């Protein structure tokens, strides 16, 4: 073997030695069941009787089930409503809390709080605030002269927005932390140089802060999108997919199909579709990474 | 690199299919010697708050000192999921508590519980003592579980509210129309001091049970228009403020226990399980409510004492290695001795004769004159057995929500239910 | 930074009034937001001091007339809360530590080393984050059971240590470390492991701190995993314990809230402790000005 090839092989081996501890565990305990579950989409299984091959019949069935289209629609709207707003709010809060203000640490802890609070408490409090007859929001709306304010989580049209709002409120602290960590990584000299050059705060924000944060924004937007497509717990606690199917999202549909109707094959097929959609969106984001993300 | 990746992928695929595609049952072991130590694993929910459990288990252990018990205790709301995963994973737990019909249907369709017919014939168990409950659980001639507890729906009422309004207490023979009129009369006040004439908890069953009381229909149907009169009544009561509206109940997480304890409702149609709760609650000082019970209201032309019920049963896991001992335990738990202990702790047993009912009614704290409320003529299951009962229940729950939040009219909601269930049954 | 000298005197920068107004505005916004964020906390405290039947009573009684302090002692006896807390702590610490180790290790390779298939593998990694756990929960359980890991903490540890999320997070962070640093180190004779240990790891304190917090909270609040894998009472975790307060026909929300609040304390302490690393982690980009 030539010296170059030896070196290349050695460096590949070294690279893999870094990855393997994480990857082997991941492959055995997570990847394997995942692959199996996805393969199940081409089969029928109820968890007890033998698995039977089903070809594309699960997918064909999916296309004709209106619950599938309803849940897909709800999931897409949920992501659309949650992702941009959360990014803007968490970035804003991080920047606000990056200045040296007294009590800053306390504010950061407070904003992080909804993320760690028990989901049950979050759901209860949110439902209370938006209670159709006795909640403060509707009382305020009444005062402002709106005679018939929306009935929020009890209303087919407003249930999803209500859940979106609760989700933004709960998640903002989490992503704010990411941005705060990233803000620490922006070299100070950049700001110093800019102020010497006469740039004001706004310009510094636009020309330095936001561009330097793009790797984090990239991460946040991917993670946020993926987690929106995977949303389940919040829905489960707040609205149970209702009223009717107004907040039935893909994972809720997957869960019902597997755990209530014991149709693991069909549920895997839905998961497969979810996976493909998310993969496409993630791929698109990776494609665009070079265009708007700037690394040092 | 590519070749290695392909090879790895193929190996993974083969491995996964082999590993997971095993399906068959393990061999049934023969019955152990009479005194050999046996460990029975028992999966159930709410172990700590099930008052009859330990008395029953201790009584059984006294007779069979060689049997030890290992409990797998699960929170009530998680029971379905946990059991599904346990059984899918091939767990060898021996005795399974069956919480509801969808769970029962799921387990027997997947051959996860043992048919008991041969054992019943062999040990000469008289199924008549269950007053027809076992018929409801029989599928294609096979019975897969024995009921030990059978709760019925009755009417709870707040005596003080009636006294204040100067209205006599509900008698044991009330039609739904009389119920609605009575509730209207009892509603008074506004805001935080409002008294509601009645209360319908958010469960679909509180509205749909009256619709199947006459026995002409069940909730598994291809035409739900028979539910219209009762839904109309409930929506009317909501709009008139006789009962709290569904949206508020859901959003406010309001539980019937709280509002009854706080004296905010005059009447409450609810299951007999609440009796034990109230008695314990009063003893613990949680409430001072002056309460009584009466028979469940009934449709016109149907005799009083017709009501709906839910069954709680025990089954034996197909993968159990202690089936004989498990069966012996089932016979005890679900038999007359078990029924006696259940009655003493405030749970209505599936075996009901006048002795049992007397024991139940002589519980400390049991409301005077309430024993008559427990006399039943016919008890219909809330949710009857059907292969697709889970999916049907989901559809009915969704449509119920839409109707009750008035997102659709009663007619439209029921029509949609009809269409959806028809489509489901045709698949 | 030195103090600004204005007219020979030290003091506030000469933006004066504008700065004060903007500060007041900022503060007002922050305080209002803080109040909104803390609402669930206030409700939890208030609910934990009520009797169950009053928890959901309308209108909300923010300050209970008859606070049930006894709830805070009941919660330890009604369920074995101490055991649950110890179990949860054990799992959280072990899993978080292992996650930090394996994730940062793998992330270095994905960020700074070049090898064949790097980007495809990374994309596959990130892609798997997209698959909801509900989908492969059952096959995974069957496999773990076959390996004899049912009802064991080890099962949960193995399942959650090897996370794609951690790798993604650390990789993004490592990408912001200038390549010149690593190149210089290589010239100096350091091998890759040395670079990881001596340069990357110390620099990544903010990212490690972030991952610690996320990891900790995720495992601490995890509920589905313990539900499926743990049967014995003495192995269960806090979240399972909380669910035990909700029974079939009644629920004790007051106790749930009391227990939830108590279980939040370690998380808050951890957060406050790791806050410092965000502040300290001023990046040393200082190579060439």
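As written, the chain order gives the labels A, B and C, with residue 1 at the start of each chain.
One rule holds for everything that comes next: contacts are C-beta pairs under 8 Å (C-beta built on N, C-alpha and C of every residue); 3 or more make two chains touch, one makes a residue touch a chain.
Since this is a predicted model, take the numbers as computed values, not measurements.
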Tell me which has more C-beta contacts between its two chains, A-C or B-C.
A-C
If we define chain centres by averaging CA atoms, which chain lands farthest from chain A? Would you check?
B
Rounded to the nearest whole Å, what is the centre-to-centre distance of chain A and chain B, using the mean of the C-alpha atoms as each centre?
37
Chain A to chain C: how many Å between their CA centres?
15
Using mean CA coordinates as chain centres, what's the chain B-chain C distance in Å?
39
Residues touching two or more other chains, restricted to chain C: which are they?
56, 58-59, 116, 138-139, 143
Tell me, which residues of chain A touch at least two other chains?
31-33, 36, 47, 124, 128, 131, 134, 259
Name the residues of chain B that each touch 2 or more other chains.
16, 19-20, 81, 84, 88, 252-253
Residues of chain A defined as touching chain B within the complex:
31-33, 35-36, 39, 46-51, 124, 127-128, 130-135, 151-156, 241-245, 256, 259-262
Using the touch definition up top, name the residues of chain A that touch chain C in the complex.
11-12, 14-16, 18-19, 21-26, 29-34, 36-38, 40, 47, 93, 96-97, 101, 105, 107-122, 124-125, 128-129, 131, 134, 169, 173-174, 177-178, 180-182, 184-189, 215-216, 218-219, 222-223, 226, 229-230, 232, 251, 254-255, 258-259, 264, 267-268, 271, 274-275, 278-279, 282-283, 286, 295-296
Note which residues of chain C are touching chain A in the complex, please.
23, 26-27, 29-30, 33-34, 36-41, 43-44, 56, 58-60, 101-103, 105-106, 108-110, 113-116, 118, 121, 123, 125-132, 134-136, 138-140, 143-144, 158-159, 161-169, 172-173, 175-178, 191-192, 196, 206-207, 209-210, 213-214, 217, 221, 242, 256-257, 260, 264, 267-268, 271-272, 275, 278-279, 281-283, 285, 289
For the complex, which residues does chain B have touching chain C?
1, 5, 16, 19-20, 45-46, 48-49, 72-78, 81-82, 84-85, 88-91, 99, 192, 252-255, 257-258, 261-262, 271, 273-274, 277, 286-287
Per the touch rule, the chain C residues reaching chain B in their complex are 51-59, 78-79, 116-117, 137-139, 141-143, 145-146, 150, 227-228, 231, 233, 240, 243-244, 246-251
